[in-house]
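In what comes next, subunit A is part of two complexes: it sits with subunit B in the first one and with subunit C in the second one.
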Partner chain A sequence: MSAIPDADQRSWWRRNQMRAAPWLFLAPGIAFFAVYVILPIFQSFQISFYRWDGLGEARYIGLVNYRELLDDPAFYTSLRNNVKWLLLYLLAIPGGLFIALFLNQQVRGIRLYKSLFFFPFVISQVVVGLVFAWFYNPAIGLFNPLIGLFGLSPMNVLGNPNTVTYGIIAAGLWPQVAYCMILYLTGLNAVDPEQVEAARLDGAKGWRMLWYVILPQLRPATFIAVVVTVIGALRSFDMISVMTNGGPFGSSRVLAYYMFEVSLSEYGFRMGYGAAIAVVLFLIMMVYIAFFLWRMWREERGA
Partner chain B sequence: MFPTPVERRSAAVQNTYKALLPVALILWLLPLLMVALFSIKPDSDFTQGNLWGLPSSFAGFENYTRVFTDSAMPRYLLNSVFITIPTVIGAVALSCMTGFALGVYRFRGNIWIFFMFVAGNFVPFQILMVPVRDLTLNLGLYDTRLGLVLFHIAFQTGFCTLFMRNFIRALPRELIEAARVEGVSEIRIFWYVVLPLMRPAIAALSVLIFTFIWNDYFWAIVLTQGVDTQPVTAGITAFNSQFRAAYHMMSAGSIIAALPPVMMFFLMQKHFIAGLTLGAVK
Partner chain C sequence: MRFTLKSAAAALALTTALAVPASAELTGTLRIFFNDQNPAPKEAMEGMVERFQAMHPDLNIELTLIDREANKTQIRNYLTANAPDVNGWYAGNRMRPYVNAGLFEDVSDLWDGPMGAELASTRPALTLDGKQWGVPYSYYQWGIYYRQDIFEELGLSVPATWEEEKANCQVILDSGRKCYTIGTRFLWTAGGWFDYLNLRTHGYDFHMALTAGEVEWTDDRVRETFANWRELLDMGAFIDDHTAYTWQEAQPFLVNGEAAAYLMGNFLVAPLREAGLTDDQLGFYQFPEITPGIPMAEDAPTDTLHIPAQARNKEAARAFLQYVASAENQTIVNEVLGQLPINRNASVADDKFIQAGFEMLSNATGGIAQFFDRDTDAEMASAGMEGFQEFMVMPDNLDAILTRLERVRQRIIAQ
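Let's turn to the complex of A and B:
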């Protein structure tokens, strides 16, 4: 008799496992992701309507944080710098393509060259930041003697509010160009050689060949390169923190950094105000996320 | 092939190209080479203004040994290991399951759950910062390695799920169908049929996540403080204030901090690049 309930259970699993199995496999992943990623997004929206020091009682203040943002010069500086990051960071894409074209040969040792060119991407941004801070350093860095070769007078890149953001972006471009390069090298590998030869017989070469034959075939690589570069630009935090701490005079802040400063550094634990900045950053990013998802959705439907 | 292979060009072009390669590489890595040079110089070179010339004596051995003996660097490195390895295992394990579920089964909501993972993976960290820090504090895990690991696992699951799901989609479905006809249970199909086929994806993802987590700085400074818990990316700032203006030491320290992912990359290059460029070719 005792075997009957056991058999029943087995048969429930038998009958329903196709429906139950996916949820069983998804449960731990979804639980983790919901608690640490999805829920916090909504909580941040909520916190942005409060005045809260992170410890005591949170007080609802409606849109006051957002209204304060509108009159905060530091917010505008950060936003302007974000735009600079976004636009200049995109240079990583043509830069990466250029190096990929340069290295797409089959001479001896080229594999090692490719690896070494890619190398900056593997190093942590903290170390890249330090390396470039020393490189720019007027006392010990190679940067000033180097521009001296072109007749330029020495400058303190990171000490000057007018140049500091560009200096950090240049440092950030270093690993990003390497990333785009590897995407394009992989893409170039997959370019159809027959099409290239056919185009060659038709007399296409150089720029025209690149533009009309090669680039269309590199579309998937370009798409990924744009996505990772935009997201990398909006995430820029490590380098700013390591190279300048947002300075001099807050001139190299971006939203991601300013938010951290407002919520967790000596400027006081203003969690609500920080959350409001994060919400603005999130909404900017959301435009790109929506675009990416839309494209994926289209592809999934096609498949 | 594009551009035209140099072998098909004149000897002059070939030789120019071969000469240009090392020059371009040196220019490309110049900032790093400068730091590498600093790290093997003795202190006296900096005071005497011999900055970029050859080291007056080779002090590399000394400098690098001091990084391990005179600072908390070994501790930070160890913390990094204890943060990175569990995260890799956790995130890969979770995403094998989520990737399997989303890649193999057709059910309502599949695509939306998938999109949730993809979208979450792209959000700016700052929108998560205050609530995650608060949650970690409430769990009593603030300033512990476990607190950092749990968050990293959760966040990386987004990217890993995207990766694994697409990989599983490309596997031959007939294998799974055949096993089902044989009456093999779904759990056994996952374990004995699909998981062995996922080995290359697991390898690629592990190398990639190792690098991402080792190089993380933001969450390290948000969720931990101090020498007992902080990974090397955060520890390097403390190291640098200890050796303020001692550029040979700071350089050696930075190189040590950057080394593990670099070694990982050179040892597992094939997997690394396969992981990174997934989707770059259609």
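Let's turn to the complex of A and C:
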């Protein structure tokens, strides 16, 4: 119980509280983000220069993994499929928008309909994949009888290299449309009724109303929808794993799945090669994320 | 003090364990990770543990059952951290990564004893770099399971040669059925077809050289094997859309009589019996001869138990493996499993298919292969079976497939 010699020293915490507090609150988050996100990114870069089976000694081989990647037909198949996913997955955005517009009305039981449309997003991707795999199953699935009604001959959607990726994307769109729909439904709540009224007085209706009055007000929702959909498309993995395991003969692989296959699956022992694929996927995502960050920054400055 | 006493006892037990395993005083905990949760294997393993426990009441045995597929990836984790004392795995090249990484215990000392002579038939499959790395408890035959009633209806007899096989198939096709059911969604089923076609076309030595990576995939002999396969494909012998089915989903075609036969391991019998096929309806025959005069070799995958190098109670683990290998235990276990014992003094269950398998494997003068994905390097296995599936759907891609496989082989050799 001695007297405090210097008043200034005693109040360090008091003096700096305002500046220190946010960092203290952020510290756990930053620590975990650094250890589990930032560090592994650099580790992936490092491992991609090695030949390593995950158990024994890692051997430095420079750029060999990348050179091999350029020569690997499976890599190009995966890349092509990633592009297909990216483009077709974006259909979820207009899909979600139109369902949201349709559901944005006041009738009895609308909450029930909204929940029904939202349902696929609530259930796990794995379950969606399983259900669709049964749906497409040529022996017991409902898909073939269904297209039979339109006079089409039976198809083996998931067993045919030409159709398999589209079949999985269709399954993936089901929950993704629901997600976009929710984003737009909340966005529609924020649409200013006065502006709509004013537009109506000026004679706008239908498509013109949607395009010039509603959509501009939904821009924040659209922005988020595009971001989550593109990221969702690039990391599509669970559906492929559940529905086809990348087959038949590797034709439904995407980069994320191929990476898993070569490094972590039953026959995968090539950590270095897997890391090289991860690096390529990371760089593709980086380009996209950087573009969006730049756009966001520009818009914020403009505002 | 306690410590020295214990280690002295351990040393004593080690020396005596080989001679009189049952008399060794085992204490501590024995942790076992077994790689199957299906009813029969579970029952078999629990029985083994129970009997071993009765012999060593002071030993605390902890048994963990892991899903068969999950174990294939989990093994990498548990062998390197927190290893059990005994774990389940497979014979052949499938052991290679763990042997190379020093994660499996060398158990050659067990094989040097009388056990080695009793298990002689599988010694090569458990040997890598001149040492033995585990102990087998069971194996099973592969072959053609067929609908006897359909064969009778069509007036067919069991084929012994490739020509007869194809002639039978034509009759079956003409009756509006498919010859063979198969589900290639998980690829390995196609590996079974390749194994047999290659074993019958060129024999055991060539097959082993190919799977060991000593023969080029673009070799003309490999093409001959595929040419034989293509004959069946061109006939339309296999069910349609097989890429969409798992091996289980392919069973109804055989049960419903839409296909007449299934090339598969003996584990197929249990689900087919459950599905309602009687022993009068279901039959078994050896894959027929293709190139005359080549000694018959068979696929008979061996299920094994190993001691991780980092195990803590290796003394108890060794005693357990010795018990597992004993004739008494192998008789009981394989009765439960519906499979074949490896110990030559064990007796074989009184079951039509097990008896047929036992006789076939006893006369397999050509040799016994494990299975494509256990005989080859893991990377080659994955690329190979993917190629087989592609070939079954698009036989015209053969050149591209073989070139691709050869590239994989070259890369593996270069390492």
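Operating definition for what follows: the second predicted complex is superposed on the first by the 284 of 303 C-alpha atoms of A that agree within 3 Å, B and C clash if a C-alpha of one lies under 4 Å from a C-alpha of the other, contacts with A are read in each partner's own complex, and residues count from 1 in each chain.
The criterion applied here is as follows: contacts are C-beta pairs under 8 Å (C-beta built on N, C-alpha and C of every residue); 3 or more make two chains touch, one makes a residue touch a chain.
If you're wondering where the values come from, they're calculated on a predicted model, not measured in any experiment.
In the three-chain model built by superposing on subunit A, subunit B and subunit C fit together without any clash.
In the superposition on chain A, A:Pro138 makes contact with subunit C only, while subunit B stays out of contact range. In the superposition on chain A, contact of A:Pro248 is made with subunit C only, not with subunit B. In the superposition on chain A, contact of A:Gly54 is made with both subunit B and subunit C. By the touch criterion defined above, A:Ala233 reaches neither subunit B nor subunit C.
In the superposition on chain A, contact of A:Asn156 is made with subunit C only, not with subunit B. When the shared chain is aligned, no partner comes close enough to touch A:Ile93: not subunit B, not subunit C. By the touch criterion defined above, A:Gly29 reaches subunit B but does not reach subunit C.
Note on the composite model: angle subunit B-subunit A-subunit C, taken at the C-alpha centres, equals 80°, rounded to the nearest 10. When the shared chain is aligned, no partner comes close enough to touch A:Leu69: not subunit B, not subunit C. More residues of subunit A lie in contact with B than with the other chain of the pair subunit B and subunit C.
When the shared chain is aligned, no partner comes close enough to touch A:Met181: not subunit B, not subunit C.
With chain A used as the common frame, subunit B approaches subunit C to a shortest CA-CA distance of 5 Å.
Residues 54, 264 of subunit A are contacted both by subunit B in one complex and by subunit C in the other. Put simply, subunit A touches subunit B in their complex at residues 13, 17-19, 21-26, 28-30, 32-33, 35-41, 43-44, 47, 54, 101-102, 104-107, 109-110, 113, 115-120, 122-127, 130-132, 134-135, 140-142, 145-146, 174, 179, 182-183, 186-191, 193, 196, 205, 209-210, 213-214, 219-221, 224, 231, 234-235, 237-238, 241-242, 255-256, 259-260, 263-264, 271, 274-275, 277-279, 281-282, 285, 288-289, 292-293, 296-297, 300.
Taken together, the subunit C residues at the contact with subunit A in this complex read 69, 72-73, 76, 79-80, 97-98, 100-101, 103, 184-187, 240-245, 249, 252, 373, 378-379, 381-382, 386-387, 389-390, 393, 404, 411, 415. Subunit B makes touch with subunit A in their complex at residues 1-7, 14, 17-18, 21, 24-25, 28-32, 34-35, 38, 46, 51-52, 94-95, 97-98, 100-102, 104-105, 107, 110-111, 113, 115-120, 122-135, 150-151, 153-155, 157-158, 161, 185-187, 190, 211, 214-215, 217-218, 221-222, 233, 236-237, 240, 247, 250-251, 254-255, 257-258, 261-262, 264-266, 269, 273, 276-277, 279-282.
Contacts from subunit A toward subunit C in the complex involve residues 51, 53-56, 68, 73, 136-139, 156, 158-161, 244-245, 247-250, 261, 264-270.
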